[in-house]
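Chain lettering (A, B and C) follows the sequence in which the chains are written, and residue indices restart at 1 in each chain.
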Amino acid sequence: MIVTLSLVILTPIVMCICLSVKSSLLFESLPVGKIFFTSAWEPSKGNFGFLPFILSSIFITFLAVLIAGPVCLFSALYLTQYARVRLVRIMQPVIDILAGIPSVVYGVWGIIVIVPFVSNVVAPLFHIQTTGYTLIAGGIVLAVMITPFILNILIEILRTIPSELSEATLSLGATKWEVIKHVIVRKAKPGIVSAFGLGVSRAFGETIAVLMVAGNVAKIPGGLFDPVYPLPALIANNYGEMMSIPLYDSALMMAALILFVSILVFNFFSRISIYHLERNL
Amino acid sequence: MLHMTKEKIHIENLEVSIGKEHILKNINCTIPEKKITVILGPSGCGKTTLLKSMNRLTDLYSDVKINGKIELNGKNIYNGISDINDLRRKMGLLSQRPAPLPMNIFNNVAYGLKISGRRKKRYLRLRVEHYLKQANLWDEVKDRLYSPANSLSIGQQQRLCLARGLAVDPELILADEPTSSLDPISSQAIENRLMELKNHYTIIVVTHALRQARRIADYIIFLYLGEIIEQCEASEFFNNPKNEITKAYLRGSFN
Amino acid sequence: MKNSKYRKNEEKIFIMLMQASCGIILLIMGLILLTILRKGIPAFSWEILTSVPKGGFYFGGEGGILNAIIGSIYLAMGATFIALIISLPTALFLNVHLRKYRKLQNAIRLFIDILWGIPSVVYGSFAFTIMIYFGLRASLIAGILTVAVFIAPIMIRSMDETLKTVPLILYEAATSLGSTKFEISYKVFFKQCIPGMVTAILLSFGRAIGDAASVLFTTGFTDNIPKSLTQPAATLPLSIFFQLTSPIPEVRERAYAAALILTIIILLISITGRGISLRYMNNQIK
């Protein structure tokens, strides 16, 4: 038992060390500034500028959470504060099924529905011509994917808020919405922020679905209708050919390391904050 | 004695069930105005449910079914009430565990006033001071009105909740075992407050502590397994109980 | 009075917003399933389900994706099995032996929760690097191990959640009867939580069969059904991915059918898991 436990604990540490060692080769041959703050990505010439990928990842993640966040928050509030038992009984399996659908299926759905929708309906509204494989398409698909995840955490958090608190507030003559606005949301705020934080890390690391709809052009995106090329897609797309070019593997390990570390940090703070919230109730 | 005081709440044929469980059966009673009525009974007999059906907090739970009539000032609250928030505002609630709102001390008391549209700083300040004094908390908190309410001790929090409830100018105070989570000294402080407040408010206290009932009750409603066993003046209840179950309960045969 | 009207209207507007949000979620769910069904059913045939790719398959030729279906099932079963070997003792250890050490328990839970969030592509690329270091080629076993490492935290935490519900009394009773911690773990805790364990295993299996990024480099892709652990294997998510990016319409059609098959597998797992936990809950009350 101790063996398996230590195995579970050691694996990620070994992983982190391995990734660091591998990607350190890149630092030896290129200055840090050039790696993080330039956008020239020419592996065969030895130029590895991560900026477009990092920005792509940040933009698409931000967009996804921006779309999914309010929908999740409103639904979670409705399901925990207003909804009848029957609706909750319908929604729970729906959320579970959405959470279980594999990311490749979301990708298929994105290509069949969202990409043409962006290209034929949304973009013409702004007089833009595009294939549809864009930041906004990726953001929408990603938003749908992280929705069940965020929603589940939010519901769990909102259920821990003691009912005495809303009873007390109602007794002061508040409407139910005022209870939510002034008391429940305020009380659950650290938890809500953490749920979004976990959503961010989920979106940040999502690979296949994003790879399928985001367009994958290594350029700093200038708007919603530009293609993007997030870090996970970079890794997945180039793994096959990396062996033939020097330093290419280090660069991809570097991408993996960036993902690994930023997600660890995000998850760490979100989880800590949720633990504290649950303990203080 | 009873017929000399006005009746504040009148309950007729009240039946409450939660899910498949029949919690309250055929409840008929009256609550006299400006007295302390104690709803007494062993744990799990439906006391809290009875209290919460009076300000319709039972609405919050979708599997609660209610039949019968509860009249406040002669008007049925389950039929033809236009403003449920207003109804609840008329009844200040003091719960088992103090539930301070996630705001500072000042805003906890001012909240009820603010949502009903009174926002002038000077007015709020005067009112907050007034009600904190009524709840006997002013001297302890006047220097830290803007620190968070949950930095107070449990006993202080409960008095804060009392002040908060009073601030919306209710007609009734519903107290659901208000001292069960407090230490003896804080409990006494709350009890003393209630005794003083009964000149202005109709007070209903739910408790399973006989001694507390003896100390504060003017009128007793004794509940057992969802039915009213006896309801009468406190002195009569304690000195001259009529029902066998009441006698057994007073002897301490069950709790 | 004006104030109260304003407040009521505000509440109405926000209730509408909240209902709309729930509606959107239901709608999206319906839309996804409908799309997969509508595109998948016309493209579906017995041939797809029961044969492996034949010559020219990826240019619209004959054949099916049996290789990927079997490959995925092998992979997911293998990975779930290995993850189970790692997870069950860990989860039991966490709940039985570490019962006294609250702080350590919570620290480990926190650690595993954080691991849960690491994307599979990171596991995949890490595993690939190790394989290159040892000069190994993409194979079924490499995929199984990678996926096992990636689903283990999920399995541990969901087992942990059910084990947490075992009442303290049961633990104390077992101890006072003189059982060792090992006996308590397997005889009391494990038996008490079997339905929850099955749900945890199904959840992890669903994760294993649906993930593409971790198998992309480790398992490879082949048109044959793997005959040994050291051969590469095709998987459903990758088969969908590769066919969908094809310029030939017939090939893309087959991707839809494959997506339908994968979705049905996932739905079946989800429904089974739900059924078990519902039944379990009924038993608990009685």
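Throughout what follows, contacts are C-beta pairs under 8 Å (C-beta built on N, C-alpha and C of every residue); 3 or more make two chains touch, one makes a residue touch a chain.
These figures come from a predicted structure and were not determined experimentally.
The minimum number of touch steps linking subunit B to subunit C comes to 1. Between A-B and A-C, more C-beta contact pairs join the chains of A-C. We define each chain's centre as the mean of its Cα atoms; on that basis subunit B and subunit C are separated by 51 Å. Averaging Cα coordinates per chain places subunit A and subunit B 48 Å apart. With each centre defined as the average position of its C-alpha atoms, the distance from subunit A to subunit C rounds to 18 Å.
Taken residue by residue, subunit C touches two or more other chains at 7, whereas all remaining positions touch fewer. Shared contact sites, meaning residues of subunit A that touch two or more other chains, fall at 175, 178. The multi-chain contact residues of subunit B, meaning those touching 2 or more other chains, are 85-86, 115-116.
For subunit C in complex with subunit B, the touching residues are 3-4, 7.
Put simply, subunit B touches subunit C in their complex at residues 83, 85-86, 115-117.
The touching residues of subunit C, counted against subunit A in their complex, run 7-8, 10-11, 14-15, 17-22, 24-26, 28-29, 31-32, 35-36, 39, 85-87, 89-90, 92-94, 97, 106, 108, 110-126, 128-130, 132, 149, 152-153, 156, 185, 203, 206, 209-213, 216-217, 237, 240-241, 244-245, 255-256, 259, 262-263, 266-267, 269-270, 274.
Across the complex, subunit A meets subunit B through its residues 84-85, 162-175, 178, 182-183, 186-187. Interface residues of subunit A facing subunit C in the complex, by the touch rule stated above, are 1-5, 7-9, 11-12, 15, 18-19, 22, 70-75, 77-79, 82-83, 87, 90-91, 93-98, 100-109, 111-113, 144, 147, 151, 175-178, 180, 198, 201-202, 204-208, 212, 232, 235-236, 239-240, 243, 249, 252-253, 256, 259-260, 263-264, 266-268, 271-272, 275.
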